[in-house]
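First comes the structure, then the notes that go with it.
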Amino acid sequence: MNPVNYLYLAALLFTIGATGVLVRRNAIVLFMCVELMLNASNLALVTFSRLHGNLDGQIIAFFTMVVAAAEVVVGLAIIVSVFRTRHSASVDDTNLMKL
Amino acid sequence: MSVPDTVHSLWTVAASSTTQTIPTPHIEYGQLSPMLAVFGAAALGILAEAFLPRRNRYWAQIGIAMAGLVGAFVAVVVLAAQGYAGTKAHLAAMGAVAVDGPSLFLQGTIVLIAVVSVLGFAERHLEPRSSTGAPVDAFAPQAATVPGSDAEKSAARSGFATTEVFPLTMFAVGGMLLFPAASDLLTMFVALEVFSLPLYLLCALARRRRLLSQEAAVKYFLLGAFSSAFFLFGLALIYGYAGTVSIGGIADVVSGTATPTPALANTTANDALLLIGLAMLGVGLLFKVGAVPFHAWTPDVYQGAPTPVTGFMASATKVAAFGATLRLLYAAFPGVTWDWRPVLWGVAILTMVVGAIIAVTQTDVKRLLAYSSIAHAGFILTGVIAMNKAGVSAVLFYLGAYSFVTLGAFAVVTLVRDAGGEATHLSRWAGLGRRSPLVAATFALFLLAFAGIPLTSGFAGKFAVFQAAASSGATPLVIVGVLSSAVAAFFYIRVIVLMFFSDPRPDGPTVAVPSAFTATAIALGVLVTLGLGILPQYFLHLADQASVFVR
Amino acid sequence: MDNLIPVLVGLPLAGAAVLLLGGRRLDRFGHWLGVLASTASFGVGLVLFFDMLSRSTAQRPAFEHLFTWVPVAGFQAQVGFQLDQLSVVFVLLITGVGSLIHLYSVGYMAHDERRRRFFGYLNLFLAAMLLLVLADNYLLLYVGWEGVGLASYLLIGFWQHKPSAATAAKKAFLVNRVGDIGLSVAIMLMFSTFGTFAFGPVFGAAHTASQGTLTGIGLMLLLAACGKSAQVPLQSWLGDAMEGPTPVSALIHAATMVTAGVYLITRSSAVFNLAPTAQLATVCVGAVTLLFGAIVGCAKDDIKKALAGSTMSQIGYMVMAAGLGPIGYVFAIMHLVTHGFFKAGLFLGAGSVMHGMNDEVDMRRYGGLRKHMPLTFVTFGLGYLAIIGFPGLSGYFSKDKIIEAAFAHGGTEGWILGTAALVGAAVTAFYMTRVMLMTFFGEKRWQPDAEGHEPHPHESPSTMGIPMVVLAVGSVGAGALFAWNSSFVKWLTPVTGHDEGHSPLSSWTVSGITFAVIALGVLVAWTMYGRQPVQATPPVGSLLTRAARRDLLQDDFNHVVLVGGGQHLTRFLVYLDAKGFDGVVNGIAAAVGGTSGRMRKLQNGYVRSYALSMFGGALVLVATTLLMRAV
Amino acid sequence: MSSFPLLTVAAALPAVGAVLTAALPAATSAKRRDINKTLPLGISVLTLVLAAVVAIRFKPGGARYQMTEHHSWISDFGIGYSLGVDGIAVVLILLTAVLVPVVMLASWHDADPVANDAGTFERNRRTQGFFALILAVEAMVVLSFEATDVFLFYVFFEAMLIPMYFLIGGFGDRTVGEDARQRSYAAVKFLLYNLLGGLIMLAAVIGLYVITAKQGIGTDGHGTFDLSTITQALASGKLHFSPVAEKALFLGFMFAFAVKAPLWPLHTWLPNAMGEATPGVAVLITAVVDKVGTYAMLRFCLQLFPDASKTFGPAILVLSLIGIIYGALLAVGQKDIKRLIAYASISHFGFIIMGIFAMTSQGQAGATLYMVNHGISTAALLLVAGFLMSRRGSRLIADYGGVQKVAPVLAGTFMIGGLATLSLPGLAPFVSEFLVLVGTFTRYPAIGIVATIGIVLAALYVLVLYQRTMTGPVKPEVSGFRDLHARELVVVTPLIALLLFLGVYPKPVSDIVNPAVRDTMSDVHRTDPAPAHPITAAQVAATNSQGGGQ
């Protein structure tokens, strides 16, 4: 298959992720959408790695995974603590600060 | 993009190269020592947190953090003295980290900011002591407890302290040191995350108004992660375009001096990859510097985060992020200047104008400073856009000058308190000049520096960036800059009026007497503000000497 | 000897300084100090005069350069004095009449607690007036010019607690300032034309300048003269100026300051001679004013205002004469001097009357005073005869000459001017007879004032009497002295030039006609005010009378057009400044605030909306980056 | 030229004085307070002595800038700490040094604690702060007159706003209520207006730097701000502005100066600021600080941008002409004494600016003298008005009447101040006003003639003010007024003496100013218009022999 199609897929995934961030309310889902965007990037990286015939992209993808994992740790900690306080994971509820 | 046959030929090449050995990476530990010192201190801090009894942790953490920072600063100075800022500048760690003028300059600045910030974090005189008589700081006694719960109360009673903030800060500082020095996009991305993640956590740790604090953390985290995703996707696209993520490699490909390979010929045929990638990297960086339209997090996070953390964030993050932006634009993408410059023009103008205008009607001092920081990001961007040596040195200078004013200003904010903690609503500041002239005068000095009044560091910085922009022909930017400075002056002056010419409220806030830590922090802020304002030459010269990137 | 010239100015100036700065300790004898300064200056003037007499005609003008005043590149203003035949006439008139009036004031102001200050102002006036006539360049003349204006302002408003006095003083200064525009523009014109404004060089080079420039200078000087000499259209202040103490009216607003305009025109004869248009304007102003003043004088019941109208009219004669050119200059000055005597005398007489009548000024409340104030009656009467031009008295010699010169001007203009002058003479005779009859003849018409004090008319003390006598002698004899052997003409000719002209009527014819019209005027007045008793309340009068009582409506015009218009303009501008210019400034601030208020609504606290702005921003960033390449 | 840094010391003395005054232990009693005030007063007098030394050591006709000092300051931007004075600067420094002690003495009790909280520690501090701020303003004003480096000038031009701002906003009759609000509005308006001007000038300053850098005028590829260097480079053609750039830079500089001066229609801050400030501070604003603006037009606009100055000259002349008439008319319409004087000042600044841009020797020398004379005359008028207002506690003209009767000396000095304001010949302002008019007339006759209307209007507003306050029946509230006492007389006497002296014998000042004006005129490549029909030497000789009469 033409590797470029993977790029299209990556772009599509990225857009889905970004849209998800915009439309979903649940903080966890929101965060998952961000993860989707990261993984879309990974897909793109791997595809490009193949296109260029070097391994950089694939290695970067590993790094990304680690970073994403770290992000999950921090993110969940924050989201959970907010949930425990507010008993709600909706990001629309956290709007004390505005204007 | 048609699928080339070359891919198949590469297959065969790869197969034939199985006999090659991968060389051991060569790491110049000496040149990386600033970061190593800070990361070391961070790791040590974690260990201390794990193994030291609670009562010893506070001083131990301060000691470790300070030792790490001082070590890092000494390392920076030594490296600079050895000429790494100039002739000996080169890429360390297999091309991952640039040890050059801008890196060392910014690392030095960040380390100094960190020193002052740690002093602020260590402040334990402002909050009333816990019921056991233990002095407490600005952070939640136990962040995991639910606000208002019994657990929190008992934690507060027993005088717990979140001494984890010190190692967290050290990690953030380490990431920040790496960020502007990163010489490939991957390192840059990792550094970005390394300093962002601890900051998300630090935001959530306020002792008072924990709901706001947590909200700030959530917002910062979600948006930060969102922007990182953009950065990463941009990285992927650039990698796709250039086949490499190293700054030098990208620059070569962009300028067409790289050895052409068939794959490159294929990917570089369409500049869309490059341009979209660059724009997306830009999103990530502009988010960190708080440029419009990626600024929305700034006021909320600045307001919600514990004030010492806000000060640290507002200064150090900006320094690191602008450093990385400079490196990216000056070292990796000078070949497409004509593509990104108009866009950045727009962003800079928007940032200056929006930041200045929205600030006019703010009623919370921390939000006010947040919008002011947005406007200042715009001013700095004009220097970035200059795209000449003067631009680099001007931005370096501005960052140094601005961060100490910011640190000082937020440190003063921590002092003005009432029963509910810090009194950040501006109406509470009325008549502060009568009540407490010294504190008010200090804050006024910082505000004047923000406003760019001559003989303060803010003016020297503003002059530097504007002249750099003007010399590159960006006269309209300069004009927008001065006009929004005028608007900005309005709200700084409004605060001064409030402090000096309004009548104090009978139930007005008190000004707490800080410990030597915060006092030192404020004094340093004043000193740097006046010093860089009256005698900026030395520092300007330093910035000028440090304004060449290596790639 | 020439270095005495600055002393002339210096003595009264020093007197003024001492009197004004000296404080209360000078109250007891300060007035005598003032008299001393004045008479000493007169003495110096006499010395200089005789010294000048002793020299040949060509050697008579004397110069004394004191110091360089303002040197800036080509602009070299000097403080230098020039005492020539013209100046010396003025010097003697000013210091002479001035000294007499100082003396008179000692008595007149005896009961005023601020007498010291009054003398200080009088001395200041003398100094300024002397500076005016002694200056050797226009800029220094300007200093004196404004200096007398200041003194006039201070003296008119001397009784500052009276709002009317304060208003009159302000008005006088303002109207004079309008005239001063003329003098400044004239000086500027001279400087830009000749590069200098000193008398000698300007007059010497006048013929090189274009007709337009000279006309401009002439008209501007005329404007200045109009202001200072109360000529139409800037005459309105003089009547109000009578609010000042009477010696002031005598000295400043009759004898000396108001004649400064005539001096200015005569001094600038070299310019006017070359600018016929300016001369024509001058004679027109003079002719109109001489009639204007005369008509106003007929209608006033206030003795001082009637005399003020008369002053205006008489100066009209002088200005007209000066406008006639070389045939008139000498007579303008001669009339100026004789007028100085008789009008000062008349005013002092009026002051004496008022002094005896509890400061009553309304002639309808006088009547039959000749019995109570014989000395005043006699001196006033002599002044009266002099002013109407009774043959043999000084007015006869000077005024008839002017009428003659007007006819001698030639052509239709000459006839018109001559006729105007004759009409003026007749009206003068009328109103002066009216004043005389209402004041000194008929039945007593005074009544007790509000508090029941009935005036007890009495003769004034000798300090007041002596000056009146001296001035009466001058009124009688000065004309003859000047006319004898044409001495005055000969004296002034080197300065002003003189030309006999060719009158279409012989000198005797003019004198005859003049005498006839004067007699007519006297007769009419006697019919109206002598044969029948004067009413204590003024009759309604004809339209002209009513207009004349209101200064021929000029004040009304000023009030409506200038004051009213000015007030509206000012109010409008105050509004404009607050709402317009400041409004723009405040509006910008408000606009920024409003924009801010709207923009901050974008910061709505929802993290997803922040993400949306980021996403949108990212899209825009990508799109523009791509677009930039496409473009 | 000795190496003693006289100019630095002259500026540093008040600066150090400001710090010392602020650092003095706060007074604990009224007597101690007076003692504390003598320190700043003494320092300002010492500064006057130094300024006099500067004036004496200045040699008219010598080098253009004398007593120069050059030190590198921010060499990366070609900025030097360069001081030097020419004639114009010398007289303005002298003016400043004369006025500051006078203002201090006049404001002796203006910042005292008010009755109800008298003697409190904090209030006494505030009193000292007032005097310290005045000294700070003096230091910065003197430095901006001395600076021969554009940037150095700019720094102090802007920085002096801050102490001025606190002086306007922080001190006045009452500290609460509507008055305080108005005052803080006025202070903010003052600051923002001037800051906006300053920021726009900053853009122009940057532009200037960039152009000098591009054309290699400075060293090491940096630009330069050194005035002499730039002027010389301009003269020798080494530096050349494109017409567009020159106009833009000129406008940038001019805007800031026109705000500060202030030139119509950028004047609206002045009536507020002067109306709300204490009389002494109002004098500082109009007589000292604003002069920096007009001085800078002469020094920087003309010298740096001669061609643009010529291009815009007529337009600025028209604005200044409008300002003359407009300010005077508005002064007539004011109900508030201080605002009246403020509008009068706007009219006078119109004259000053007109003189500067008439581009003639007389105009510029006249403008310089005007700055000095206006400073003195307005100070006299305002300070006496301040004494008057301090007796009644009202700024409204309508609240006075008949003061002349009860306080003749006060009225007399007020009158002299007023007469000086309306430029009566014999008093100093006449000389300068006439020079300005003549200088303008020789090049632009129409403008010169219209400007003379300002003379009449000046008489109108001064005399109306005098009439309404001083003459007429004595109002009951006025009847208890005390006449001027010793301190007030000490304040007024030198001012009046100066007015008289400079009116009669301005030559010492004009001799100092003339060479500087000549230099400026040659910078703008302008010569005075020659007289249309100059007097020839032969004519002069002829007229002299004739006796001068004819």
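Chains: A, B, C and D, in written order; residue numbering restarts at 1 for each.
As a working rule, a contact is a pair of C-beta atoms (placed from the backbone, for glycine too) under 8 Å apart; a residue touches a chain by one contact, two chains touch by 3 or more.
These figures come from a predicted structure and were not determined experimentally.
Visitor: Using each chain's Cα centroid, which is most distant from the centroid of chain D?
Guide: Here the answer is chain A, farthest from chain D.
Visitor: Tell me which has more C-beta contacts between its two chains, A-B or A-C.
Guide: A-B
Visitor: With centres defined as the mean C-alpha position, give me the chain A-chain B separation in Å.
Guide: 23
Visitor: Would you kindly tell me how far, in whole Å, the mean C-alpha position of chain C lies from that of chain A?
Guide: Computed from C-alpha means, the inter-chain centre distance equals 96 Å.
Visitor: List the centre-to-centre spacing of chain C and chain D in whole Å, with centres computed as mean CA coordinates.
Guide: Taking the mean C-alpha position of each chain, the two centres sit 36 Å apart.
Visitor: Measuring from the mean C-alpha position of chain B to the mean C-alpha position of chain D, what distance in angstrom results?
Guide: Once rounded, the distance between the two centres reads 45 Å.
Visitor: Enumerate the residues of chain B that touch no fewer than two other chains.
Guide: In chain B, 218-219, 222, 226, 230, 299-300, 490 touch at least two other chains.
Visitor: Would you mind listing the residues of chain C that make contact with two or more other chains?
Guide: Answer for chain C, listing residues that touch two or more other chains: 589, 600, 603, 605, 607, 611.
Visitor: Would you mind listing the residues of chain A that make contact with two or more other chains?
Guide: As it turns out, chain A has residues touching two or more other chains at 18, 21, 30, 91, 94-98.
Visitor: Would you please name all pairs of chains that touch?
Guide: After working through each pair, the chains in contact turn out to be A-B, A-C, B-C, B-D, C-D.
Visitor: Which part of chain A faces chain B closely enough to touch in the complex?
Guide: It comes out as residues 2-4, 7, 10, 14, 17-18, 21, 27, 30-31, 34, 37-38, 40-42, 44-45, 47-54, 56-57, 59-60, 63-64, 67, 70-71, 74-75, 77-79, 81-82, 84-86, 91, 94-98.
Visitor: In their shared complex, at which residues does chain B touch chain C?
Guide: My answer: residues 218-219, 222-223, 226-227, 230, 271-272, 275-276, 278-280, 282-283, 286-287, 292-294, 296-297, 299-300, 338-340, 342-343, 346-347, 354, 357-362, 487, 490.
Visitor: Could you please specify the touching residues of chain B with respect to chain A in the complex?
Guide: For this pair, the touching residues of chain B are 1, 3, 6-7, 10, 14, 143-144, 146-147, 186, 189-190, 193, 197, 200-201, 204, 210-212, 214-219, 221-222, 225-226, 228-230, 232-233, 235-237, 239-240, 243-245, 263-264, 266-267, 299-300, 303-304, 367.
Visitor: Which residues, counting only chain B, touch chain D once they are in their complex?
Guide: The touching residues are 393, 434, 437, 448, 451-455, 459-460, 462-464, 466-467, 470-471, 475, 478-479, 481-483, 485-486, 489-490, 493-494, 497, 500-503, 535-537, 540-541, 544.
Visitor: Can you name the residues of chain C that touch chain D in the complex?
Guide: 20, 58, 60-61, 63, 67-75, 82, 84-86, 136, 139, 142-143, 145-147, 150, 153, 157, 160-163, 165-167, 169-170, 173-174, 177-178, 180-181, 184-185, 187-189, 191-196, 199-201, 203-205, 208-210, 213, 269-270, 494-495, 497, 566, 569-571, 573-574, 577, 581-582, 585, 589
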